[in-house]
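Each of the next two complexes has chain A plus one more chain, namely chain B in the first and chain C in the second.
Let's look at the complex of A and B:
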């Protein structure tokens, strides 16, 4: 008798929630990484924003966590096809961090401890769409999920939400990051299923 | 050690440290090359360390395969497999020494 596998299809999304095309729901929180997990102590942690003129702004851990924080709830969509609904975060909006940064740049190259990079338009970090997140589900963000702090840009595929974020370089020109330079889509909108270059 | 595939995610779970050895490259590279590149010796473009491709540290719990130098940890090879295209970046390798049969 032939064995017919129906394959793995995951679960249906909860009522009222919609999955982007090609995604399935997971209730776990898979850990994806292109390298070893950097362990950064908060007393040595720093985030910098460098403008296209070379002006550098920086925050240490104390300065970051003194800023007003928000507690966004977000659905995550990974390009490897899993989605996770209703994740709860704590972090500082990029609107707060960039409020006093003068720039005419249109693009951002994000860099992380460990060497990872990703690029996105500056406007995708503004107007309540992105955070520097340091808390997850009521606890400090664990290193395997990007702690002590990661970028959170939930309207784009999760590779844009750089773990272990360290620097934001505001640029006049767009520069592809780690996955964008290796075949992945430059923008990565999950609702348009922009997975690979040319999608 | 290579563990299984958590049913909830479909993503393979690798050993402590998050990587497995370069033999994991054998299948994906066999789709592209006529020779087994895991039998080759590679030189790292970052630290010049030379060693077997099979000894690289391969991270595959990611959107693509990332092979890192076992000496300095820098990226030597990236491979992304889309349905109709494979992107292969070997800019982290300066020289590949590939054993072939004698004439």
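Let's look at the complex of A and C:
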């Protein structure tokens, strides 16, 4: 049903690269956020996990960076159509952070410094699929890319990888976050092209 | 597409007739999908420039040199051609005529497009909420919507900031936007305006950070980053 654009040739991705539908490759690292970039000092930084029973676990910067870290390489897919291949990160796996957290919750509402929120099923954060990342390309993560630390969930569109992450609330019910309430897809799988509500 | 209008040496306005267009809010965008003969396709977002007006829609596209999509839209697409689009998209970077607070618009280059839509929608809705706009552009040759801006709209003050070369009569020496420009031509923070900042990513990063420094509540500063300059 697609309309052929007369005389359009386009720029193909290099052979061997597999792009999700509707995405194009960029070598830059675009920035997307709904407001100004907040600047959070690591002295005051804190990450908390609150369970459905109200039990709260928290880590300050020293505690987080003392935990065993991993250096995942990931392909990023942003809902605004760009994809970036082979990005290199350093961070703590959510499996480590959630290891001692007792919960039967199925959903997570992630909140950030600056007020941003996003929601996802808890299982999408487990089994080596997600990290609290604080290093990018061998350096501390820059504020415009979510530093000091952001969630990294590369198998979903990048808006799920909340920048400036501050808290994870484990919930029995799913609660739409910022973009999810503004017409974006609730789950956001780039391979299913789940950009907007109804996709 | 029914019509194209050159806005500057590097930008055109595309006038589209979209059957079943549901209407839009000022600040929203559409996703355009181009498809080559062999089925390869790619998409980009473009803000809506025109106030809601039935099934007629205007987009303004600035040519990005070496770009995959914008040179095609600016140079190749002709009246009568069909275009695949999806939208309207976006529910945060929007201005609605019910809003009563003052508004500050801060545009860099083609970032003016969704902000112009806000100015046009304000006029169309008969809103009397005061608007102030700072429009940063390289030189007078890049000016978008020149005649319409010169003609002016009561209650909308537009200040031009030239970064490379200004017109002869301008007193401000050319240069990037500064906190002083925003303090001088924007609103004091205690007027609690909603601020809309749009343009290339680096521009938005700076301008939004300055607004927060000047005392604007970060929650009242909404941004739309167009990309660019990140390589």
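By our rule, the second predicted complex is superposed on the first by the 186 of 199 C-alpha atoms of A that agree within 3 Å, B and C clash if a C-alpha of one lies under 4 Å from a C-alpha of the other, contacts with A are read in each partner's own complex, and residues count from 1 in each chain.
Following the convention adopted for this analysis, a residue touches a chain if its C-beta (ideal position, glycine included) is under 8 Å from a C-beta of that chain, and two chains touch if they have at least 3 such contacts.
Keep in mind that this is a model prediction, so the values were computed, not measured.
When the shared chain is aligned, chain B comes close enough to touch A:159, but chain C does not. Once chain A of one complex is fitted onto chain A of the other, the partner contacts of A:80 extend to both chain B and chain C. Legend: residue contacts after superposition of the two complexes on their common chain; A:16 is shown touching neither chain B nor chain C. Contacts of A:37 after superposition on the shared chain: both chain B and chain C are touched. In the superposition on chain A, A:196 makes contact with both chain B and chain C. Look at A:182: by the touch rule set out above, it reaches both chain B and chain C. Shared-chain residue A:28: touches chain B and chain C both. Between chain B and chain C, C contacts the larger number of chain A residues. Common to the chain B and chain C interfaces on chain A are residues 8, 10, 26-28, 30-37, 80-82, 115, 179, 181-183, 196.
Against chain C, the residues of chain A that register as touching in their complex are 2-12, 22, 24, 26-38, 80-82, 114-115, 144, 178-179, 181-183, 196. Considering their complex, residues 6-11, 17-19, 59, 61-64, 66, 68, 73-75, 78, 80, 82, 85, 87, 89 of chain B touch chain A.
Per the touch definition, chain A reaches chain B in the complex via residues 8, 10, 26-28, 30-37, 79-82, 115, 159, 179, 181-184, 195-198. Those residues of chain C whose C-beta lies close enough to touch chain A in the complex are 31, 33-37, 39-45, 68, 72, 76-77, 81-84, 89-93, 201, 205, 208-209, 211-212, 218-219, 221-223, 225, 227, 229-231.
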